[in-house]
């Protein structure tokens, strides 16, 4: 294949702790190979606008502890823009990009996959704070988000206990309950509601009544943003959208707290962790994982493994076809969720 | 005065990191004096119901790192209960309580003050996570809450920046803006709204426009729960109450975020830190302050300084009349708030 | 096989964050099965002394956030005690233990393996803060320790930079460099020394000289306790033993710092993280992993998978023969270490 | 007095969390006044070498969360350099510095005081991580350091307890025990040794024996670097110096641990927190205090309060003569230390 002289790198979709670790690793390894690196701004939008600037070691050497992405991000999808893909290919040629490293989720990787078929060689790095991508064990940023949520639940225990309150804690996860299940398990939540299993509010209330029965007058309920229920219509209350038509963070916890208070008459409060879960410095786990993924992505560029992504498999980072990652959402298996039920109540 | 044989201790009002430090210190010092200690449950409610149990060293030696209060708490005010005060005095006599250490805010301390005049000797320890009590420099728990809010704001910077978003962060404080001002200052917030000074949403929006003008496309706005505005009616949207008639946490941030988005068309999100600010392990500052206050309270019982409370004054813990603490709310002086304005924008 | 009525559980070897998560999960699942559980004290020593007491839900429901082990631990190996194994078998019978869950490292699991062959059914849960056990991807406690070390390195950067100093940071790991490599990678260390690869102090010093050459006057060096060197005899200085004949934590960092200062004349300091790395509350990752492992161990007892241990494999917890785990030390592969070299200097 | 057009700012002595908060606040307020600001490098050394560069808002707007000092620091004292003071005055004139803000400890402030008398107007900001400066309640950086030490002690409890060990934890403080006393109090240390009070190792060992007597087989001992003893000669073992003649961090903990193990035969370990205590991001308390002090320093320059320093007094920041701060070391009052004794054992 053609020799690589210059690569581009972009980050797309929601931000996530560890993105800078990936960027940094790609730049360091690329420089080792003697390549130029272009930092493309705002994900695919930057390819549509040819908005990019060179990245040198000095630009990235100190970014490992930083949350977010120095390249900024957007949800722009060139395939949803008139003549978008052609524009991206044209700009890539103008910029002299021989290969593009795309760091992002299902949407961003899907674009990378299609563009490769159209002639722009892309290598992917999977990113989702929700851990719901296939073909990889864990995604970077996830452990940091789980830790933030788990720390918050730890804090809620003592205040709920001191006041004999029920506190409902809303955790990120619209389509998959990974964060809620792991943070709930780590935080000793007394009940966990997820999008995968339709939960019963009445069963949860009975658990609360039993706890009161044995003198435990408080409880922590972990609920995923997108949790579903078998005996409670949360839709109206919790599915608002903002001025941009995005589904609004928050809503389910408030609705659920009111419902629980109504059914049990126990004083119930709610907390929505929201954006605090995705910002800030990445934990060591995500700094290491992001670094290893970026390093591997550069190796994949070198060896021409296009339309593939760097993926954590057990202890190793492997190259897998992007198709595998995007073909379906990775949700929490019932068997995994059932582990948490042993600790309910 | 009569020799002390047995004391009681209770915690009232909202919980706060460091309450256990106070309880632990009172018990250790009381045992040094050879006194028995009764732990009264649920604040004044426990005195109405004679709900208490003995506290020994073994009960408190490991509670210093624990948030909340092992004695539980409530907002019960005996003076708002038919025959309440008499019942408290009667139970105190039955329980053999020679003196009562009351740890709480304006309301709890006010009760202690009145009861002392009625014959039940009380010593106070001021407690408010909002730092809005007079006659003391800082109250324990406050620094922990400020740290939690400051950490959250740190996290919000990177996600807001990566997405070119404005994020409005709601911080505790219905009547005083201490937490919002200190956490906002510590977190490099770009604007701060408090209950003390009626803020202008339009001035804030102009700041946001100026930031965009110089390419800084994100911002963090810190707003107190009880913030007031000169050009925005937040009341309707943000002053809901729960099934128990308590003013609900949250509301102002959501309303303000919508208003800012409406006026500027900049994508705006909101976060309500809520109960995560008051739970969890106390920071060293509050463990030390709580320990020193509890120790002093026991000394005050010994020396018969009743109707007084232990108070931080510079580097020292002093005994001051409870009246001084409860006579008025300690709000943020304009001069203090003005320091933060230098860093706006 | 015989029906299970009562199981025992013990923790052996060095303590590690997450041990209580395992204990808690074993007890919860065992109670679900209707079994009695005996908590054996101080590892195998407790089996030699028949030192154990029943564990109920109330004993473990709140221990998830606690570091260390509520069962205490020791390094006692019954096979190194005259008539030890027989004594253990005899006591197991006396106590009515149908199966024993042994949580520990190579040594503890090896004992469990041998005892199973002698007639005491054992199930293992692998534990090593050094992550150097085979047949499992990661061990619980490891991520917490890496995070503590990574946080410390983050802190060292700013003080080293402000003073133009070199700081050598000693991290746990006598035989394997996992913690040093991961914490060093996460902490942007400028050089990493491990036990697996004999490092050159002179190469490290040349890196320091190059950094000075481009105006970067500080550096952080991560060194494993058991690091080996090609051009520096660290033995004399850094391999002391305590009054009990155990190799003493610390030593290599101090010796290396002196050597670097001698060779470069750059002001050099050292820090030994020591025991702070193994104590304290487990991170969410280790709470979840420990919980899943303990849950699986109970299932393995139920299904009679003796002389096997619960092991993390990718996303799953599987049962693997203890023999596989103990047959050899899992060290850092050269390929993994080489990733870090890209970031040296 | 002459109108201010340009000011200089420098940081001297050991680094400390919060220095950047001071620098940032001075720059923001100076710009509000319309002044130019010169950032002088490496403390007084930068004045001797005329090593400085302009500071603008963009240079400091994001440094609040950063530990250390962006201006670097040194222990250079111009009065110990031949013709030093004259050189400083000459360079100040050359650089057009109308007033110099000196952030540092006893030594740095003493120089500022003398130089003011010689004609270079200086304003001081007190800095010591040891909290041992007079004329101010607390110094910035101190609370962060105490928190780090307190967190470390929290971690040590569980590992010491799991192994029935005594762990001796060495905390910063050569001449004053503030950090050790506060971190020891916050960390529930079972004994505390400071430089102010000659402690008895035998009394400490008797406490350990009593704890064993009641089945508490572990203990945490907090010891200050410069702790003194009535019945143990620690000098030889713990007062080494490095190649630059600086007293070496560490030593006393190791010597004390060996002595305790020798006397009691209890397994004893030691940890030296060292440089991890002074680096890293400042806590909210220190970010706010540093910001307020820097803001006040700029106001003092404006109002011509030279040879004075900004000082925390209760809730206020006041201007006090530098002489007051440097005239004597602020050590821990016996009354304060005695509070901790109530919790020994």
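Should a chain be cited, it is by its letter among A, B, C and D, assigned in written order, with residues numbered from 1 in that chain.
To be clear about the criterion, contacts are C-beta pairs under 8 Å (C-beta built on N, C-alpha and C of every residue); 3 or more make two chains touch, one makes a residue touch a chain.
Note that the structure is a prediction, hence the values are computed from the model and not measured.
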Intersection of contact partners for chain B and chain D: none
Longest centre-to-centre distance from chain C, chain (CA-based): B
Chain B and chain C, separation of their C-alpha mean positions in angstrom: 41
For chain C paired with chain D, centre-to-centre distance based on mean C-alpha positions, whole Å: 35
Residue list for chain D, restricted to those that touch at least two other chains: 151, 154
Chain-chain contacts as defined at top: A-B, A-C, B-D, C-D
Sites on chain B touched by chain A in the complex: 14-15, 19, 66-69, 72-74, 148, 151-152, 154-164, 167, 242-244, 249, 258, 261-262, 265, 267, 269-276, 278-280
Of all residues in chain B, those that touch chain D in their complex: 25, 28-29, 32, 61-62, 64-65, 137-138, 143, 146-147, 149-151, 154, 182-183, 185-188, 283-285, 287-288, 291-292, 295, 313-315, 339, 342-343
